[in-house]
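Presented sequentially are two complexes of chain A, the first with chain B as partner and the second with chain C.
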Partner chain A sequence: MSARAVRPKLPFLWATGRHNRVPSPYPWLMPVILVMGLFYLYPVVDVFRYAFTDLTLLGGEGHYTLSTFGNVLMRPELLQILWVTFVFTAGSVLGQQVIGLAMALVVVRSEKRHLFGTTILRTTALIAWVVPGIAGGIIWKMLFNEAPFGGLNSLLRLLGMAPVQWLSDPDVVMWSVVLSNVWRGTAFSMVVMYAALKAIDPSLYEAAEVDGASARQKLFFVTLPQLRPAILVNMILITIQTLNTFDAIISLTGGGPGRATEVLSLYTFNVVFRNYDLAAGSVLSILMLVISLGLALVYAAFLPKDEKA
Partner chain B sequence: MKLSTRDRLGDILSYAFMALMFVFFSWPLIWLLSMALRTRKEVFLGVSRLIPKYPTLDNFVAVLTSSQFPHYLINALKLSCLSAIGCLIIAAPAAYAFSRFEFKGKSAWMLGILAFQMISPLVIMVPLYRYMSRLGLIDSHFGTIMVYIALGVPMVTWLLKGFMDGIPRSLDEAALIDGCNRLSVFVRIILPLSTPGVASAFIITVIAGWSQFLVPFLLITKDSLVPIGVGIFQYAGTQNDSSIQVLAAACLISVVPAIIAFLALQRLILSAMTAGAVKG
Partner chain C sequence: MKKSLLAALAAATALGCLPVAAEDLITSDRVGPSDAPKKMVFRMTGDGPSSTDPTWAAGYTKLYTDFINNHPGWQLELQMMTGDISQEQARMLEQARAGHAPDCAAVDSFVLPLFKQAGVLKSLSPYFTKEEIDQLFPFVRDGVTGKDGQVYAWWWSTDLRVLYRNKEIVLNAPETWADAKAAALKSVEAGMEGILFNGSRYEGTGFDWLGNFWGQGGKLVDDAGKPVFADADNRDKFVKAVNYYRDLVESGAAPKRVATIGNYDDFNAAAAAGTTAMFVGGNWQYRQLQNSMEPEEFAKWTFSPLPGITADQRSTGTGGWTVAAFSSEPEKVEMCAALAREVYMGPANALQEQLPTRADLYDKYDIFKSEANQTFAKALKVGQARPGVLIYPEISNQIQIMMGKVLTGAATTDAAVDEAYKATLDAYARL
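Up next is the complex of A and B:
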């Protein structure tokens, strides 16, 4: 708009050619609209439709019914599944956010002081981030191997500590899964926090210095408030990512022992593709959608209004 | 400048923290490499043989000469590259429109596209599996690629739009005055100038495709058509403690291509990754 307004000759030239009309964006958007409509919108609408049926994957047309909703939401195991999902998500998100922020702070400080090793650390963390979920699960399964030669237990033995039942103790296994997820996911938070730190106006620190602020005061009164929007956006992204995590768990624990690590996405998968219950799986899918949407709205409410745009 | 004690203490703490984090992030990969290079006997010696006394490449040879593994790798390469190309073809025009045109509801459209990313692939796979089996697209790479494309399009659209925003509009206007239409402006000027953005979007989509598990796990049942993500999962299911070194080698082979692709374009990918999150 503004670029055209400042050039007096352009409107005239534009009006003479066949470009005088404002070009319609829709031909350009059409491929995206088609693909997203066909592979996202239509399936999502169908998920809502299936939720009111008794469809299975075994064939048959099914009937419309309202009872699937109630039946699924009243299942006795659902509460346990939701709790497991909550612990896994909260643990992973907090771990990734806190460690990612700490790493970004240390890396920025070290770069300023020309310390050695920041690039190596950043690259190593990012390599973990690129590892596919399934492979990550397999790698951590080797580390958590409870035999005396397992990757962590043999290390503990070397240090004279007792071995841990990483994957077979139902009280420990969730933290093992969270640990592996933090390993894989933290690099993203680190990179986002690093970029946000770099974007802080240096004059704020100069002003703080003039006022005689200590390093800790600078952190709490300049850095963290300035990072708030970036932290919230990052938390939204990693929360949704974690809620949808599925491959890293299926290859690490398969949801076990018992149901100790069966998160909602894995449970939904099992209901649809192991029990062939399409209708119940659709209700659970809607539950997943509602939870991610709700969380996104809650986080968004904390965003400062003027910085949303 | 004189080093104060406080600064020096801070440096020591920084080094300690960085060392700790380095061990945390590198240990799993070091362990994987160590296992992959061991003979069966040395596997049972645990951490005391972190550097194997009798290192061997036999495990890698065993994996690469097996009947299925080369297929897994080729299938994964095919699926991820073709879907990345498809993503670019579909997303680039939309990215151009979002970058250059002013129209009603533009930001709503853009947010709408981004909102799809919130939806777990599992949710859409529930009905898609049913459609695909009705259409006879189970065990077809075409059907799988289409789903990969749909999963990748939102991010690629945003990435390319962000990149095209950085190309001066005056170039478009000059070309329009010279008689180009919008399409030739897009093809002859914007696309060539977007090469770095296109390259990083391509690599990001290839890495995402390489890591795919859920979609091919559901849509492909024939072992000869399965990509690496599914292949290694099924392979792991058939292994036990006595062949852990072969599994480690297989796992390493499946991970290394993604890592190399990432490292090659690290800088571009990082800036693309953070652009969305920091700008909000």
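Up next is the complex of A and C:
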């Protein structure tokens, strides 16, 4: 019989044993529960409530209705918005994960060899991470500016190359946006991967070396399997973060040209703050929540069982 | 000896404190003494002491100092809006509905109908004379007046769109779309980018372009406020106006990057860098160009009314800013009206050369007698304000989306127009 099974059930405030009094955890947890409920749960409940109304920011009491769900989910532009969101999220997550892992490997290897510049690399990446999204968008807008004096195109001209329509070509603009988001978010992945790499038992590498494994074999048969839980957790976090990203896009492209870069979070923002449709915005928020939770569950299914526990 | 030393020290201390007190009268977020018993919160744009233009900032500092000295016992808490005006105004509307709006605020004229509809504004009628109200241009008076005949905001400045050009490259003012295209192509031959205009997801994209539609007699909404811009009577005019911009890009008269421009400052930058010879901009940019260029460079620049499909079918969009009161305290509403009258209605127009909304002010201030401002005033005669209807923000949003698709060639004009019209009608049905 486990210890948990024999533990007496605690009354709300105080548990009294035969010889001693065991304090109940609930009074200590109440502040956290209250804060969580007030600042996290209440807004979520409100979003669900608004989704079942026809409320707008323009006044009026609003009425409870189910029609908002139908109206929003049947909008013809929603499919394109979801596709744009998928491309943006997949591109950003893959880019951040791969480059973050590569940078972490470089940093760990450099540290082992005491190479100069490791700290500079780490710090540079972290600086990009702490830049606010709006500012990041403005920085990249200047770089992608297609005017004759634009940043990247000026560089390309200097190298004798043709300028690129970074933001005005509907086929290119999404990758420009992904690039700016990867630039900003890679540091987070690098930090997570760096911590996970440091936690790998060195004896595994020693054993691999004894077996005559090459560097490539050590990466694929030791490092990556050991990093699997960290990679999955990191992907859950950056997927949710990317799905919620709109500040960098709004300052870089505003969602355009047309709807070429209008992701779901930006569309939700536009519906609420430009169309003043609070109820429709709430339905879209729930849709984002469902997508985030769904993806998190998919990732979690790949976690080793003991990691999930 | 000791007494005189003490007196000298006291005098020195007092004198030393004077500049400090003077500096403290205006800070980045407050006007007036911090211990003043009465306080009004004013949410503002850059039209104030924190203006990014040093001349305007100094001018507003003086205006605000005079204002607060005329109202002892008051302090103003200043809240600055960001550049994302649509978002700022939407947020303020929500705050007003929740009862948390500032006491007094700058409200963009094109969203004023939303605030009036929401019933969150307080009447300013008691604080302005009938003569002052009668002097307002008709479209301004209609814009600020509610259904009950009360004035709910003071619209103090207006603006309009014009075509700027470098006279050295484009000598004559283009009067028609064909003239504009020919002039732009000529400028491209001279190594320029061609004509620039807003074309991205930005309010200015639709607004700057609408003159081309209005000039043909097109209507965005009917008398009931229902969108009609692509119905049987208007569709042809709308499509022609869209195709005008499309043709500019496809012919090379405008660079494709116009689909990414959503900021008037980009035009100033291009003009200053000497990479463009023509752009569609606002009247306020005339002074900005003057401030940012060497005099001999600025002398090359001039402006003219926007071209039309024919020379006599021309129009331009007019906008502007209002000051409105949200406070439930009459004393603060009166203070808000006083701020509109004493700082903005006239003095601020003259300071920033922002066109007044009252005919008499054009004679009162010498600055509006200049050739440039007289030309702007004449162009106002064919000016048209955005319709004061609830659906306008969605019409604007759909025009922006449509323009992006058309300018980048992602959709045909007909398909993009039909899509925009359907989306607008759907949104109208949901209102």
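Everything below uses one rule, namely that the second predicted complex is superposed on the first by the 278 of 309 C-alpha atoms of A that agree within 3 Å, B and C clash if a C-alpha of one lies under 4 Å from a C-alpha of the other, contacts with A are read in each partner's own complex, and residues count from 1 in each chain.
Note that in this section contacts are C-beta pairs under 8 Å (C-beta built on N, C-alpha and C of every residue); 3 or more make two chains touch, one makes a residue touch a chain.
The structure displayed is predicted, hence computed values, not measured ones.
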Simultaneous placement of chain C and chain B on chain A, clash or fit: clash
Should A:Q165 be classified as contacting the first partner (chain B), the second (chain C), both, or neither? second
One more residue to check, A:F273. First (chain B), second (chain C), both or neither? both
Quick one: is A:R259 in contact with chain B, with chain C, with both, or with neither? Answer first, second, both or neither. second
Please work out whether A:T53 is in contact with chain B alone, chain C alone, both, or neither, and reply first, second, both or neither. neither
For A:F149, is the partner it touches chain B (first), chain C (second), both, or none of the two (neither)? both
In this superposed model, does chain C or chain B come into contact with more residues of chain A? B
One more residue to check, A:Q226. First (chain B), second (chain C), both or neither? neither
In the superposed arrangement, which partner chain does A:E77 touch: chain B (first), chain C (second), both, or neither? second
Only chain C stretch among 93-101, 291-299, 363-371 or 417-425 with CA clashes against chain B is 93-101
Residues on chain A lying within both footprints (that of chain B and that of chain C): 57, 145, 147-149, 250, 272-273
As the complex stands, chain C meets chain A at residues 84, 86-87, 90-91, 93-94, 97, 114, 117-119, 193, 199-202, 255-260, 262, 266, 269-270, 273, 275, 390, 393-394, 397, 400-402, 404-405, 407-408, 410-411, 423, 426-427, 430-431
Okay, in this complex, where on chain A does chain B touch? 1, 3-4, 10, 13-14, 17-19, 22-25, 27-29, 31-32, 35-36, 38-40, 42-44, 46-47, 50, 57, 99, 102-103, 106-107, 109-110, 113, 115, 117-118, 120-121, 123-128, 130-135, 138-143, 145, 147-151, 153-155, 157-158, 183, 186-188, 191-192, 194-196, 199, 215, 229-230, 233-234, 237, 240, 243-244, 246-247, 250-251, 265, 268-269, 272-273, 278, 281-282, 285, 288-289, 292-293, 296, 307-309
List of chain A residues in touch with chain C within their complex: 54, 56-59, 71, 75-77, 145-149, 165, 167-170, 250, 253-260, 270, 272-277, 280
Spell out the part of chain B that touches chain A in their complex, as residue ranges. 7, 10-11, 14-15, 17-19, 21-22, 24-29, 31-32, 35, 43-48, 89-91, 93-94, 96-98, 101-103, 106, 109, 113, 116-124, 126-131, 146-147, 149-150, 153-154, 157, 169-170, 173, 176-177, 179, 181-182, 207, 210-211, 213-214, 218, 229-230, 232-233, 236, 241, 244, 247-248, 251, 254-255, 258-259, 262-263, 266, 270, 273-274, 277-278, 280
